[in-house]
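Look at the two complexes coming up: chain A is in both, with chain B in one and chain C in the other.
Moving on, here comes the complex of A and B:
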């Protein structure tokens, strides 16, 4: 599963839903793999406001991946600064291509996958298994 | 929706969506594209397509191909059927693409689309691949859930194939992340989902198949055990319990929590589910939600008359 997915998931137990500790889930014994995908600048720009930056930062730290910047990057940080220099942002974007930050973010969110391991709820401690890249959030009936 | 095509080659590349060989009746999704007078001469278009002039002005019909599911094992995964295709056609209809484009205007944050119960993945693959046509933007994020582990695997593959196909045709598809093996929306963060799609197990049955943990479901190497597992998984895909509504009722209850402020849900119902009662319940519930029938099928006589409800926050 992609790291971006963790931005949208919490513990599945009803009693954990309102607890801040149930998000983000904490990866444990995670085996990572890198799966190449096409990068899309517009997508990156418009996913930025959806990211729980602190949460994504803590996940990358826990996984031992390079640290994300302290603050959410601004959308202009996603394009190379030295564009064609005419100050027209659009042309610059096309001419300049993605910045290092954009490429790192793409590699992290869309290409870094948890192939297997566990996701642990910080509130109740329940561990969800990830196998063959698929996370299992089914709960035994007594835990729902 | 209206697409303005500045050049003839754009029109031709749009026409590539249409591949009559790939669809059997009812298995395609129609998109109406207005072609402006300046964009292309009718004669050229007709020659390319060899179609009736009536179909060109003012709107031209484009077929979006149904994603391939040839790799899916229907022994334990729901096979795309009339209900699946009704969802595809409804989501690609001009009223829905217009609604979605207006609600999720370009340059707003990337909408998150969740399909609950993806089965083969045919619907999620369609929405992901054709995001540009359906939402007027390709920067959408899509995610799925299913109680059936095999369905999760199949969905990832179906989306991958459809997206690769789009990219090969020079189109920019949406962004699928994962299919989570889970019950309905329980794994999702509250307020995170912008568009929810659900083709539920809707057939009225005595009871719902009992819930089983994955371990029980996946154990069993013996033929008998595999057979039982498969029939259990197939039962999960259609059996809806009382009035066929037991699972759908639970999903409807989750909508206010899981949907975002701009959230909208598409839920398929059959006649026995009493769609009028569901409409009434949503409209009269707290929060002043809207509900409307936006797609129907089952003109042929038969007990399975289907409709699709669009349910959205005011």
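Moving on, here comes the complex of A and C:
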């Protein structure tokens, strides 16, 4: 499971729905793997404003990955500064290609994956097992 | 033709043997591909998007989402949910690009509000009309599903769900649940002569 996905997953229990502690889920005994994928600069730009950056920071810290900057990168930080400079993302991307920040974000969100381990809800403590990258979100009926 | 939905719950019906048959049958692959292309056409996504694939199975539809050309607004990034571990095992074997959850959509979609640009579901949600246990009704499972699906979409996000209703009652049960959740549900009937294919296209406003 990509760290991107972890940035959107919440506890599935109804009783956790209104609790802020039910997001993000906390990785436990996580085994990470790096899966190379092609960079999709437009997708990165689209998803960036939807990321919960604080959650991203806490997840990376919990996983022992390098610390992220305090602030969400801005959309214009994703392209090299020496583009055509008209501030219109598309031409700049074409002209200059992705910046180091974009490449780092791609590696973190799209290529860093939880291969196995558990995801723990900070509210109810329920542990969702992850095996072969697939998280098991099936709840026994008494927990639904 | 008999309906698998009438015989067993989906996690039991799609065991290893059925999942393999489903995934390797060229007839099913072609149907799934057609449905996915039709769903994409209705979604009309202009840029690489974050998509939820409800009942992703072995990733036949997801594979298409991953391979949409940049000129056509792709490629998209997807997360799939399915209740059949055998189907997901097939997806792993085929090395699909999306992430997957083993999950029961009748228990809701576990993503924070506004997560996805769009959602698709190919031949899955009719399974919600079968209640496997006496303590959960199909209505409450449909409600849980559509309410959480609606919340998981960003504003203006669309969901296209293709399904095979058993009869008119199932069709209205499903579209009513979608409308109650806030979707402006419209049902399109493709090929009414040959097979009952319903494509409700719903937008979050």
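Quick note on the criterion: the second predicted complex is superposed on the first by the 134 of 144 C-alpha atoms of A that agree within 3 Å, B and C clash if a C-alpha of one lies under 4 Å from a C-alpha of the other, contacts with A are read in each partner's own complex, and residues count from 1 in each chain.
Here is the rule we use: a contact is a pair of C-beta atoms (placed from the backbone, for glycine too) under 8 Å apart; a residue touches a chain by one contact, two chains touch by 3 or more.
These numbers come from a predicted model, not from an experiment.
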item: Combined model on chain A where chain B meets chain C, clash or fit; value: clash
item: Chain B versus chain C as contact partner of A:140, first or second or both or neither; value: first
item: Partner chain in contact with A:20 - chain B first, chain C second, else both or neither; value: neither
item: Which of chain B and chain C A:49 touches, first, second, both or neither; value: first
item: Which superposed partner A:64 touches (first chain B, second chain C, both, neither); value: neither
item: Intersection of chain A interface sets (partners chain B, chain C); value: 1-2, 4-5, 8-10, 12, 14, 23, 40, 42-43, 46-47, 50, 110, 132-139, 141, 144
item: Chain A - residues contacting chain C, complex; value: 1-2, 4-5, 8-12, 14, 23, 37, 40, 42-43, 46-47, 50, 52, 110, 132-139, 141, 144
item: Chain A residues within the chain B interface of the complex; value: 1-2, 4-5, 8-10, 12, 14, 17, 23, 38, 40, 42-43, 45-47, 49-50, 110, 132-141, 144
item: Of all residues in chain B, those that touch chain A in their complex; value: 107-110, 112, 137-139, 141, 143, 145, 147, 149, 152-153, 156, 167, 172, 175, 177-183, 186-190, 192, 211, 213-214, 257
item: Complex interface listing, chain C residues touching chain A; value: 47-50, 70, 75-77, 79, 81, 83, 88, 92, 97, 99-104, 107-108, 110-112, 114-115, 117, 133, 135-136, 154
